[in-house]
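Labels run A, B, C and D following the written order; every chain starts at residue 1.
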Amino acid sequence: MIRFDNVGMRYGDGPEVLHDVTFELESGGFAFLTGPSGAGKSTLLKLVYLAERPTRGLVHLLGHDIATTPRRRLPELRRRIGVVFQDFRLVDHLSAFDNVALPLRVAGAPETRIREEVTELLHWVGLGDHMDARPPALSGGQQQRIAIARAVIARPKLIVADEPTGNVDDKMAFRLMRLFEELNRHGTTVLVATHNDALVARFGHRRLRLEAGELMPERSARQSA
Amino acid sequence: MIRFDNVGMRYGDGPEVLHDVTFELESGGFAFLTGPSGAGKSTLLKLVYLAERPTRGLVHLLGHDIATTPRRRLPELRRRIGVVFQDFRLVDHLSAFDNVALPLRVAGAPETRIREEVTELLHWVGLGDHMDARPPALSGGQQQRIAIARAVIARPKLIVADEPTGNVDDKMAFRLMRLFEELNRHGTTVLVATHNDALVARFGHRRLRLEAGELMPERSARQSA
Amino acid sequence: MRRPAELLLDREGFLAWMIGLMVFLAALAIAAALAADGAAARWARSLAGTATVQVPADAANKLDALAAALRGVPGVRQARPIGLEETRALLEPWLGTELRDLPLPRLVDLELAPGADLAAIQKRAAEAVPGAVLDDHRGWADRLAGVATAIQAAAIVVVLLVAAAAALLIVFATRAGLEAQRSVVELLHLVGARDGWIARQVERQALLLALKGGTGGLFLAAAVIAATLWLSSGDRLRLLPQFEIAPAAWLSLVALPAAAGLVAMLTARIAVLRALRRLP
Amino acid sequence: MRRPAELLLDREGFLAWMIGLMVFLAALAIAAALAADGAAARWARSLAGTATVQVPADAANKLDALAAALRGVPGVRQARPIGLEETRALLEPWLGTELRDLPLPRLVDLELAPGADLAAIQKRAAEAVPGAVLDDHRGWADRLAGVATAIQAAAIVVVLLVAAAAALLIVFATRAGLEAQRSVVELLHLVGARDGWIARQVERQALLLALKGGTGGLFLAAAVIAATLWLSSGDRLRLLPQFEIAPAAWLSLVALPAAAGLVAMLTARIAVLRALRRLP
């Protein structure tokens, strides 16, 4: 599903922020990515959701070597990846409903299906009353839940979430993580970057730890909590 | 320092999101504001840092009744309040340094003092190497630390922080809270909205809990953790 | 309610207004150029198709016969003898009113078909009235044609300058509008939208906006032009020189919003495709 | 390196370009209006200050004496007898070349001071040469003055329309630029900046931007105008009618970037103050 081979990454001509990152996340796997602020978690995720290309090394994704995949094939891959961005990236002029519907519309889904599924999911994340609100009129946690709903609405093969629970309370955080687990049980691969050690500890999944751009040797999640 | 008397608040002609909020935070006090996502924490803080006016009720701040304070006197009050916004609100085209320097520049501080103090504070929050970076080139946690540095740089009488540690790891979160405590020891009043129950539990301060726009009867922090 | 577009080029309506203003200015420039061009052309044409046959003062009685004879020459569309009073009136600026008894040479005005045989006309005139001379206004016509050409050239230059400036401004305004939506463009890219899909979105928006703004600008310009034509026509104010715009030329004005739309559309498409190319 | 402003109205430089283009167009419009206005004024003036005294053909020998006598009349700046050949040349378009032996009335050209006493001149002329008649070209001068006034009015209308459109466009462009900085304006407000402080920031930026863009546009326009003047002057192409712009009038062009700056500045100030008023 995801395989990194000696991946190095720098922004422009800045310093390298990822060094020789090598790991594999098998299809249907679930992993947390942790590490101090600035360690390179978001950068690693950007490589996974194809927002950046590695400076060196190989990235394999959904059965494709990204370096040799022609650019015009990438949109297809991206549609099979659901992303929760650390900064949400909601569209301010669209309603909560239309923000969540975005990936379905891009994929050309019929409006009847969109209406049904988006409505259901928004109710599930507790925003049934806010479907017509624009993001600037929503609370931080409400925005974050819209970002999560958008990431999962199109039933992606791979979910990449960057700090998806930084703005919600623990109860909601657990609820959202259970959503990811539920999808994971149905075959979706999940990679979640988070600072929330309690969350990592509670959901005993595999844990990848980055420090200053380097991937640490793995231990089990329970040990490290 | 802060006193709310039966404060009610609605956005435009939407529903009321704060009902009859009454509390007092004495000068030099330290309080956490908790509650589920969408409960109205950010809204309450907006009233405190004078970004909104209450729909009804009285807000007393720094010795002023806000309703009767003439508008031209408000900038003075605002300069004595340091704010960490939930969404950071950094200026994308300014460097980390200039973002942190903003409140000093607005207050007309001399450049030599600005250079000295901003540099020191940026080192303290671990961003000594990123003083010239623009926010879009910084990690989420780094941006959050800049937002915190900007809130405290002008030594405000009152610090209002909205979810200031959602994007940093626990170690950094404790470090930043200790910064607030340090300032609090020197007389600064601090009000922090957060979802991080571990943080609330660890720093045994007063805890205000909002639920669906209503302030719950207070219990001690240790009890509620 | 239609659902809002994912990409919103012109949230505040500024872009549509700016494009409207540029279409307004371009329409005025083109109308002015067309009017000047039309006036110059009419002027040159009115001279090119005319000639005069002069008859010595003592042959005044043969004027009608001469005119009749000339009407039979191929290429002469009309031949009109000019009466004594009219001749005096024509010469009055030069001769003054006090010299009425001066024996005046007399004239027959000719209207010629293009390519009329001037030598044949001269020959026939001299046969009818000895001493009759054909004056084809060559010198005047050449000078005036030069001025007309100059006016036409100036009109073209002005229209080109204004059109270029308008197009450039639409380019800048469109790119500024797109800049505000850059993060949405990136987001669409990241959720798997193809470059062509995104480009079509901005393209259609830019086109619709420009058509909307441009049509408004055109209507405003049309109102100004119509008011000018009305003021300059007939006896109303007698202030402005006579303007006239050929109905076919009006059509070129109608094409302006479409041209603005094309410029905005291409700008948006190129800018967004270029921005997307930079992403992996 | 100067530290960047907190408020950045024009991150991509589009605003400066747009303002530059509008100043360019406005400068061209004003230059064209000035040239047309100048031509019309020269034309009317050249007629207003002249008159002609006509003498019957048989008094041709008294022409020089008449001119000398008229020179002594107050208000007559110059009196020039027109020779026979020149008279023929003047009348040639009307009389043709074949009528050289026609006895022609003769003329003395007068150049008059403003307010010259026409009755006194007529009286003196009649004394010197019986039958001499003063023609002050009143009819022609009136008609030409009418056309000149019309051209001047049209020029003013065009300049006003272009200036209004330019100003409006600068308003829209500035507000669009400000819109992109709305969040920064709010942030400054929240950290305790006074409305006036924020307004001064955007105001200064808008002014500098408009001056920068406007100066660029002005230089471009000056190049185009200079090229046109060069082409139309002297013998070079003889294509364009003679243009000329008074040095003082050039100054009004120089004021354009300042005017653009003023519009941008006021727009920015008013827009930001209005936005701030809405905040508590």
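We take it that a contact is a pair of C-beta atoms (placed from the backbone, for glycine too) under 8 Å apart; a residue touches a chain by one contact, two chains touch by 3 or more.
Treat the numbers as computed from the prediction; the structure is a model and nothing was measured.
Trainee: If you walk from chain to touching chain, how few steps can bring you from subunit A to subunit D?
Mentor: When the steps are counted carefully, the minimum from subunit A to subunit D is 2.
Trainee: What chains do subunit B and subunit D have as common neighbours?
Mentor: Correct list: empty, since no chain touches both.
Trainee: Taking CA centroids for every chain, report which one is farthest away from subunit B.
Mentor: The most remote chain is C.
Trainee: What's the distance between the Cα centroids of subunit C and subunit D, rounded to whole Å?
Mentor: About 22 Å separates the centre of subunit C from that of subunit D.
Trainee: Compute the distance, rounded to whole Å, between the mean C-alpha positions of subunit B and subunit C.
Mentor: Centres of subunit B and subunit C (C-alpha means) sit 66 Å apart.
Trainee: How many angstrom lie between the CA centroids of subunit A and subunit C, rounded to a whole number?
Mentor: It comes to 62 Å between the two C-alpha centres.
Trainee: Nearest whole angstrom, what separates the Cα centre of subunit A from the Cα centre of subunit B?
Mentor: Subunit A and subunit B have C-alpha centres separated by 29 Å.
Trainee: Hey, what residues on subunit D touch two or more of the other chains?
Mentor: Residue numbers touching two or more other chains: 11.
Trainee: For subunit B, jot down the residues that touch at least 2 other chains.
Mentor: none
Trainee: Examine which chains touch each other and state the graph shape they make (line, ring, star, complete, other).
Mentor: ring
Trainee: Every pair of chains that touch: which are they?
Mentor: A-B, A-C, B-D, C-D
Trainee: Taking the touch rule as given, give the residues of subunit C at its contact with subunit A in the complex, in rising order.
Mentor: For subunit C paired with subunit A, touching residues are 3-4, 6, 8, 11, 183-184, 187-194, 197, 279-280.
Trainee: Under the stated contact criterion, what part of subunit D meets subunit C in this complex?
Mentor: Result: residues 11-12, 14-15, 17-18, 21-22, 24-25, 28, 32, 52, 54, 56-57, 90-91, 93-99, 102-103, 105, 131, 133, 135, 137, 139-140, 146-147, 149-151, 153-154, 158, 161-162, 165, 168-169, 172-173, 175-177, 179-180, 224, 228, 238-241 of subunit D touch subunit C.
Trainee: Going by the contact rule at the top, pick out the subunit A residues touching subunit C in the complex.
Mentor: Listed in rising order, the residues of subunit A that touch subunit C are 49-53, 71-72, 74-81, 83, 89, 91, 93-94, 98, 102-103, 105-107, 150.
Trainee: Provide the residue numbers of subunit B that touch subunit A in the complex, in ascending order.
Mentor: Residues 11, 14, 34-38, 41-42, 86-87, 126, 137, 139-142, 144-145, 162-163, 166-173, 195, 197-198.
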